[in-house]
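Presented below are the structures under discussion, each in the form of structure tokens.
The same chain A turns up in both complexes below, where it pairs with chain B and then with chain C.
Take a look at the complex of A and B:
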């Protein structure tokens, strides 16, 4: 079977045996986004205006939360070593793993985001803009984040370091993702933002696997 | 120079792995220097040395997980970096078992088998039975004892050696302290597997703290003592 599919399947199996870790990012995402309406003045127009941006920031933080464990357990139990010395391509194996991670975090967040939009009273035509923005943006977040996770895999408490390395790299995705919302609120075209998010995704999915694999080879050394 | 008993076979097919003038530094300390190794078919290279003398580091260099600070390792006369033939022909069992806690014993093996591109349920049972852990097949790896996990790691090694097609069979086994945590029956079992592997033309590099003189491996054995190559600052 294809290396990518094999690792994708195994990662799903592992994620669904550990349901606690699986729902953590989702719950975190919902709670972070819900804290804002409580802490801000109760003006419907204000929440409408900033709601999309808040959901984007919450999505970024939630996908960051799940990154630390991405390669850590593989490193600790030695399966990562075995994957490195196996003749199958490490790049494809890790891409399968990262995509499985995305489908268990980013995809879940995206599916739940329309629900959060309701709490911010975001108009229904903008809910779709946010939904497709997240659908295009979160895979890039996970792929870029995985590079940071691979660099810090041997460190005991790499979480904060991952955040410091990775968050600046999330800024472009955030600008175009959240920018799309304010554009559409003013009734403007959003195709350019969509294309840019798609371009970032294509760039991330082609380059990240090589960066992840060489980061892992170098840190395991 | 080489601490190996010289083998007079010059046939290039016999010689699998060669390390020339290997040097390894960890932190400020030079672990070993000037190591030359040759591993031929049917040979069990036994690396000995005190704790911290660099046995594991040497093994990791030989299996391509780390790179030596100087010196070269050749697999069938080719360098190790990005060497698909080497990766397809080598199996490594290290301190870490390489097992997923969330998966059962048999699922761990099945994944390995799928990686080798084979689908044969019977072979999975056979491997577990050979290591006498068939009764653990449906237990999650987390529930296994240390010794059972070690046996399962060997079942995986055996599976990948058996399963591979002829062109890419695992000729070279690299074993780091293979008998740690394994009882006396298990040890005899693993020694038998090793002897079988060697007599089939395979090769083994292993570290082990006790002498192999009393074991079935004695006649294949050659010894490399790292303390004779101890580095200095």
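Take a look at the complex of A and C:
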């Protein structure tokens, strides 16, 4: 537990000293979402209908963008190697790091998503559905993505490879997250989707740290 | 000695022999032609029975006969993934060199079977469903499976050092196994246009015997073909990986004579 908090704190300090990296995913998220109204016919009802899905896709892309530098700088300055050699649990350390990373990207996106919903004229009940969907979904996205980032950390240009290997794995989260919105738009119950998203999150938070740690041990010599 | 321990001992011997690249290469010299021949014989029998002997479907007419390519390909697309992931796990856990070779050689084969299932399915879908493609559960999960294969292949080729590449690829294949069922059930969510399970349905296969027999022959033929292609490409890979060792040089100079 100490290890987790230690790495969480360290990651937060690093992120706040480099505010550019903190704000970039958020700006990217908003710009991606705002590109859609320009490319679609100007109908308010259409945007209302597909706005939630657009915001989900934008969130997926934004968290994908932030993955590449998750381990990169730590790998380059040797911190990651020290963490592997150190007798502290690598799994816990990486979990702390990933959670800190999520709170700086996924959480920010979630907090700003209601603002985007307003520009798409999404009704207020649905804004809550989207908000809680993102709150439950984005940690899973970051955890799954971190595994891909760990596999590709030693590659100099791993960005495209991360996208290829991680995006197919994001599909379940996307289906349940965006499916929740279309369910609630028809006035149906959304508890089953919420539970499934929560189940995916629990599965991801228990398995991903082990996958991340063994991927790092395998690729870093 | 009781039979169980004899079988166990035999399996351990096979495992150890297959674990050494040289022994694997020599065993593959014998198994490759056997697998190829079996596949060919079964293919000829299955294709003849399926195309000429099986009766036409009462609803779909003769167009149903594409089933004899479509179903085996779809079956193999999953089977190959399981083989690949099992081999990857064996490689990671017991550090077995040959397991990685099997896993890597399986990936392109699996991708081809998946693509074949998608293509034949879409050719079949046009006259029967009236569309080339639909966002149906099975089609979508098959498409995602194709991308998982691409991911595994891309990961392997992205690394310069072979050992790292093997481990990274194996990790990804294992992660895929955890996620494939989740993907499958999540896409099952959309109402399905594709027909349900026919062969392993409750209360026996829902298909007359003269249609089913060629299908089973074709599936077996595809499996032996996979074995044949796997052994061939694994042999190639072994020669490439071990090109600096003495026995490979001897084998090559013997082949050149």
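FYI, the second predicted complex is superposed on the first by the 220 of 221 C-alpha atoms of A that agree within 3 Å, B and C clash if a C-alpha of one lies under 4 Å from a C-alpha of the other, contacts with A are read in each partner's own complex, and residues count from 1 in each chain.
Everything that follows uses one rule, which is that a residue touches a chain if its C-beta (ideal position, glycine included) is under 8 Å from a C-beta of that chain, and two chains touch if they have at least 3 such contacts.
From a predicted model like this one, the values you see are computed outputs, not experimental measurements.
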Touched partner set for A:34, first chain B, second chain C, both or neither: neither
Contacts of A:151 with chain B and chain C, given as first, second, both or neither: second
Partner chain(s) touched by A:221 [first = chain B, second = chain C, both, neither]: both
Superposed model, chain A: greater residue contact from chain B or chain C: C
Which superposed partner A:107 touches (first chain B, second chain C, both, neither): neither
Partner chain in contact with A:78 - chain B first, chain C second, else both or neither: first
Touching partner for A:18 - first (chain B), second (chain C), both, neither: first
Touched partner set for A:87, first chain B, second chain C, both or neither: first
Which superposed partner A:168 touches (first chain B, second chain C, both, neither): second
Chain A residues contacted in one complex by chain B, in the other by chain C: 221
Of all residues in chain A, those that touch chain C in their complex: 147, 151-152, 154-155, 158, 161, 164-165, 167-169, 171-172, 175-176, 179, 196, 200, 203, 207, 211, 214-215, 218-219, 221
Residue numbers on chain C that touch chain A, as the complex places them: 92, 144, 147-148, 150-152, 154-155, 158-159, 164, 167-168, 171-172, 175-176, 178-179, 182-183, 186-187, 189
Residues of chain A that touch chain B when the two form their complex: 1, 3, 6, 10, 13-14, 17-18, 76-79, 81-82, 84-88, 220-221
Interface residues, chain B side, partner chain A - complex: 63-67, 84, 87-88, 90, 92, 94-103, 107, 111, 114-115, 117, 168
